[in-house]
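In what comes next, chain A is part of two complexes: it sits with chain B in the first one and with chain C in the second one.
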Partner chain A sequence: MTTQEIAPTDDFGIAEASRTNLWKDAVARLAANKLAVIGIIPIILLFFIAIFGPYLTPYDFLAQDFTARLAAPSSEHWLGTDELGRDVFSRILYGARTAVAVGLVSTAISLIVGLIMGSLAGYLGGRVDMLVVWLTDMTRSMPALLLAIVINLTLKVPLEAWMEQMYLATKNGFFRQTMWVDLVLVFGALALIQWPGYARLIRGQILSIRSRNYVLAARALGMPTGRILTRYVIPNAMGPLIVAVSAGLGGAMVLESAFSFLGVGVQLPIPSWGKMISDGLRMWQTHPYLLAGPAVMMAIITVSFAWLGDGLNDALNPRQWGG
Partner chain B sequence: MGQYILRRILYWIPALLLLALSVYAMAFFGAGDPIKLMFLREEGDVTYDAQRLDAIRREKGLDRPFLVQFGEYTWHLVQGDLGMSVISGRSVNDMIGATAPVSFQIGLATVILVALLGIPLGIIAGLNHNNWVDNSILGSALFISGIPSYVVGPMLMVFLVLGLGIMKTTPYGWEGLFSKKAILPMFVMVFGSIAIIIRQTRSGVLEVLSEDYVRTARAKGVPEFMVIVRHMLRPVLTPVVTVLGQMLIGIVNGAIIVEKIFGIPGLGRLTIDFTYGVDYPVIVAITLIGAFLVMALNLLVDITYPLLDPRAAQAMTGVEE
Partner chain C sequence: MSVLLDVQDLQTRFQVRKGHVYAVNGVSFQLDQGETLAVVGESGCGKSVTMLSLVRLLPPAASIESGQVLLRGEDLLQLNLRQLRDVRGGEIGMIFQDPMTSLNPFINIGTQMAEPLIYHRGMSKSEALARSAELLEMVGIPDGAARLREYPHQFSGGMRQRVMIAMSMSCEPAVLIADEPTTALDVTIQAQIVELVKELRDRSGVAVIWITHDLSVVAGIADRVIVMYAGYIVEEAPVDALFEDPRHPYTVGLMGALPSLAGETGTRLTTIGGSPPDLVDLPEFCPFHPRCPYAIDRCRKENPMLEPVIDAGDGGHRAACWVDIREVELEAGAAAGSV
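Let's look at the complex of A and B:
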C-alpha cells in the first residue's frame, strides 16, 4: 500500500520539475541571445500597432489631402503623402494589420491542416503515409509564387461571380464585398504553400519520438496512450513546432507582401506593405520616401523574425548545437 | 543506380500530368474566357459582339469540350510541343525558348556564386566559432537574407542612385549576364539565399571540428589548410549539397520578383504578363517547367549525394528525403 501511495506523488513531482526546467532553460537561453531579444521588440511593437494602430494614426488610411499630394516628409505628414494625398505613415500603421492578420490566420489554417495530415501519416502509416508524403512532395515542388499567381488569377473570376450570384439570391450585403474574395484567395494560397512543411515536421516528430526508448518503456509499463501523448510526445514535439511556427509567421507575412508586390494579393483599399512598395517603385527616383517607408518597415520586421527564429531554434533544440 | 534514376523519373509522369490537368482545369473552368479578356483589354468593352467571339473561339478550337482540348494539349505535350498562345498566337515553345535562357543563366549563376562565396565564409565562421569574425559573418548574412528581395532591390536602387550617386540610372532590362546591368539583380539574388549555405557550412564545420580524425590530423602536424581541404571539406559539403538543392525553389521564387523589379525578360516576367490574360497554354507550360525543374534538380542532388557520402549510396534505394 505504501509503495502505491508514494509512487504517483513521486512520479508527479519529477514530471513537474523536469517540465518547468525544460521551459525555464529555454527562456534563459533565449534571454541570453542578444539578437533574439532585440528581435522580439519590433515584433511585439508590430502586434501592438496591428491591434491599436487605428487609434494611433494621425489620419485615416483613405483620407485624401489634395492640397498635399506627393508631399515630402514634414511635421504634418511624417513620411509624406502618396499621389492621392494619403498619409504614408498612417497607411504603414494600417498595413501592419494586414500583415499580422494574414500571417496569423494563414499560419493557423496551415498549422491545423498540417497537424491533421501529419499525425494521420505518422500514426496510420502505410498507404495514408505514402499519400501524404506524395502530396507534400508535389506541393513543395511547385514554386510558391507561381502557385499563388495561378490560383489567384484562375479562381478569382468564378469566386466573384459566385459571390454576385449569392448576392442576387439572398440580397445579403456581405456578398457584395469583394475584399473577402481577395482574403480567401490569399489565405488559401498561403495555407496551400505552408501546410506541407508543418505536416512533414509533425510526421517526422511522431515517427522519431514514438520509436524512442522512453516511449517504449512507458508503453511496456502500461501507460495509457493519452498519457504517453501528453507526457512525452507533445512536450518533445513542441520545441521544433514553436520554431517552425515562428518562422512560418514571418514567412507568411513576407509571402503576403510578395503577393501584393506582384499584384495578386489583397487589393486596395486595405493597405499592404508589398503593394505600397510596388506602387512606390513606379516613382522611386522622384519620391523615394514612398518606397522607403514600407520597405524599411518590412526589413525591420523580417530581420526581427529571422533573429528571433534563430534564437528560438538554439533555445528549444539544444541537441542541434554544434561544437 | 540506373534503376533508381529510372524509377524516380517514372514517378514524375503522374505528378506532372496531374499538375497539368489541375492547372488546365483551373484556367479552363475558373479564369474566364481568354478571348473575351483579350477584347476587353485591347478594344474596350463596346466593340466585341458574340458572333465575332464565337468565330475566333471556333478558329482556335476553344469551343470544344474540356477533355478534348486537354487531351489534344497532352498529346502535343508528349511530343514536346507546348501549344500555341491564345493571346499572341505565337508558339509557346518559342516564347519559352526566348525567355528561359535568361532565367536559367540567372539561376545557375546564383547557385554558383552562392556556393563559391557561402562555403568559404561558412568555414571561416565555423573555425572562428563565437568570436567577432563568426558573429559578423553570420549576423550580416542573416540580416541581408532576412530582408525579402522586393525590399532589398528597391532599397539598393534608392541608396546607390540617389544616396551615393554611384549609378546614374536604374538598371532596367537585360544585356547578358556579364554586363553591368546584371550586377544589382545578381547581388539581390545571391544575398537572398547565401545565409542558408553559410549557416549549414558553419554548423557542419563545428560538428567535424571535434571529430577524432581531425584531431589526429592536427596532432600529426598536417598543415591547417590541408586539414580543412582533406579532412573537413567532404563531410561538411554533403549536407550543403542538399541545402543547395532546397534553395532552388527559393531561387525560382526570387527570380520572379527580381525579374519584375529590374525588368528582366525571363520566365518570371512571362508568367506575370501572360497569366493576367488567362492564356492557359502559357500558364500550364510555365507551371510544368517550374515543377519539372525542381524535380529534376532534386534528383540531381540525390545523385550527387552518394558520390560525396558513400554511406548514403547504400541507403539510397527506397529512402525518401
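Let's look at the complex of A and C:
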C-alpha cells in the first residue's frame, strides 16, 4: 500500500489521516483492475447513449425506408434495416434507453423493497424475520419468467380496463397511454422477481454485522446506536450490496429482454433489445445481422456488468487486500 | 483502599428454546481502586457474561434477573441508555478476546480511535487524532501519527490488541475489563500484552478485571483472584493464598492441571474428570459435586455459600465448599501412613 510509505509527523498529516478512506482506496483498486475498467467503458457508453441517443441516431427509430427493407449493413444503414425498413443501428441506440430505464427503475424499486424488508427482518428478528424469509422463499420458489407471464396475462386486461374507466371519468389524456400499463407491469414483475435477493442479502449482512466483535467493541466504548449504524453496520454492509446492485442491473436488463422476447415486455413503440432479438430470430438464417446487432449489444453489456461487479467486489472487500 | 466497584448478587440468564441457561447465579464481588482482580474458570463458566452484564452489553436473549452493580455507589443496572453510554468507555473500558475482529475493517485506525475521544471528551477531530497518535506510542506502536491512517488489516494481531487497549484506555476509565485479551495471541505476544497492561495500570492507577483461563498469567498480574464455576464464584482469595493454599476442590483441580517446570518429568498432568455442567440443567445444590472427588452427602442436599475459610489470612480468603479439603488430605495421609 502506498499509504504506508507516507509518514507525516506534522499536524497537517494527522488531520490528513481521516481523509484517507476506504472509498478512495476502493477507487484506486478498481482502477487497477483491468477487467473492471474494460467493463466500465461500455457501461458509461450505454448510459451516454441512453441519455443522448436520440440526438446521435442517424434515423428516427420509427422512420421507415421502404426502398431499403431488410437491407444488409451498408454505409447508409450501418447495421442494416428490418423488414419495415427501419434502421437497426438507430433502434439499438433507442433500445439502450429501454434497457437502462428498466434496469435502473426496477433495480431501484426492488432495492428499496429489499432494504426495508431485509433491515426489518435483520433488526427486529422473531416473527417479522420469519415472515420476510417465508415471503422471499415463496417468491423465489416460482420460476421468474413464468411469474412475469402470469402477472402480465392476469393484470394487463383489468389494468387497461381501469385506465379506460379513469379516462372516461376524468377525460385526462394520460389514461389513454396504455404504454404506462406495460411499464408498470414490467417494472412490477422485475421488482417482484428481484427484491427477495436484496432482502436476503441485507438481512444476512445485518445479522452477521450486528454480532461482529467490532460492533460489540464500539458499544463497549459507549458509541451511540446511530453512530454504530452509520459508521460500523452500514459501511460494512455496503460492499456486498454495491456488488449485488451492479450484477443486478445487468440481470434486470437481461430479464427485461427475456420478457420482451416472450412478448410480455415493454410493447412498441419503444424499441427493446429483447423484442429486436425476438423479431430477428425469425429470419436469422437469411438476415443474421437483425439478430446479431442487439444480441451482441446485450452480451457486451451483460459481460461488462459482470466484470464491473467482480472488480467492485475485490475493491470493496478489505479482507481481500494484501497488506 | 476504597471500594470502586461493588457487585451484589448478580444473576443473568439466557432465554433458549428448552428453557433458561443460568449463566450467572448470584455473583457478588468487590473491586478496589487500582486493584487487579483476575477471574478464572473453564470456558462457559460465566466469566464473560458476568463482565458483560456489568455494563449491560449482553446479547438480546440474555436478561439480568437481579442484582446491583454499584460503581462509586451508583447502580449501573438502573441507568438509562444515555447514562450507560457515558459509563461505557468513559468509566469502564473493555478489551476483548479476538483482536483480529474487534476493529472495524472499513475505518482507518485514526478515525476509529478518535471517535470515543470526540464523543466522551468533546475533543475536536484534530485534537482527538493527535491524542490517538500519543496513545499509540504509549501502547508501544512506534510512529503512531503515520499509522493512524492505516486500516486494521495492516496491523498484526498483537498490534491490533495494542490498538484495542489504547482505545479502551483513551478516555481514562476507572476500570478496565480485559476479557481473555491474550487467548488469541501467540505466547511471546501474550507476555508483551500482559506487561503492557501492567505498565499502563501502574502509570494510570486503573483498576483491572482480567478474565482468563490461564493461571500462569494470573500469577503475574493479579492482586486477587476469583474462581468461577457454572456461574457461581466458588473461591475468592489473594493471589498468593490461592496458589499456596487452594481450598475449593475445583481450584485444586485447576492447579493440578497446570504444567510445572519444577515437577518431575514424565508424569501425567492431572485432569478434572467429567465435563462442565449443562447450564440449562444445573446439578442440584453444589454445582461441582458430580465431578468432585471430595463430595459428601451434604453437597447433594445443600448449596454451599461463599464463606471465609478456616484460618483465612487478612486478604479475605473465601470458598464455597462444605468440605475442609485440607483435613481430608491430612486424614488420607494419616490413613495411608498407618497402613
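Throughout what follows, the second predicted complex is superposed on the first by the 296 of 323 C-alpha atoms of A that agree within 3 Å, B and C clash if a C-alpha of one lies under 4 Å from a C-alpha of the other, contacts with A are read in each partner's own complex, and residues count from 1 in each chain.
Quick note on the criterion: a residue touches a chain if its C-beta (ideal position, glycine included) is under 8 Å from a C-beta of that chain, and two chains touch if they have at least 3 such contacts.
These figures come from a predicted structure and were not determined experimentally.
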First, second, both or neither for A:Ala217, with chain B first and chain C second: second
Partner chain in contact with A:Thr154 - chain B first, chain C second, else both or neither: first
Partner chain(s) touched by A:Glu83 [first = chain B, second = chain C, both, neither]: neither
Which of chain B and chain C A:Asp60 touches, first, second, both or neither: neither
Partner chain(s) touched by A:Glu164 [first = chain B, second = chain C, both, neither]: neither
Touching partner for A:Ala299 - first (chain B), second (chain C), both, neither: first
Shared chain A contacts, counted only where both chain B and chain C touch the same residue: 323
Touching residues (chain side chain A, partner chain B) in the complex: 35, 133, 137-138, 140-147, 149-151, 153-155, 157-158, 254, 257-258, 261-263, 274, 277-278, 280-281, 284-285, 288, 291-292, 295-296, 298-299, 302-303, 305-307, 310, 320, 322-323
Touching residues on chain B, where the partner in the complex is chain A: 15, 18-19, 23, 26-27, 29-32, 126, 129, 139, 142-143, 145-148, 150-152, 154-155, 157-158, 161-162, 170, 202-207, 209-210, 249, 252-253, 256-257, 260-261, 271-272, 275-276, 278, 283, 286-287, 290-291, 294-295, 298, 320
Contacting residues of chain A [partner chain C, same complex]: 1, 3-4, 6-9, 11, 13-18, 20-22, 25, 125, 211-214, 216-224, 227, 231-232, 235-236, 318-319, 321, 323
Chain C to chain A touching residues, read off their complex: 55, 57, 59-60, 84-90, 93-94, 96, 98, 101-108, 110-111, 114-116, 119-120, 125-126, 129-130, 133, 143, 145-146, 148-151, 153-154, 164, 167-168
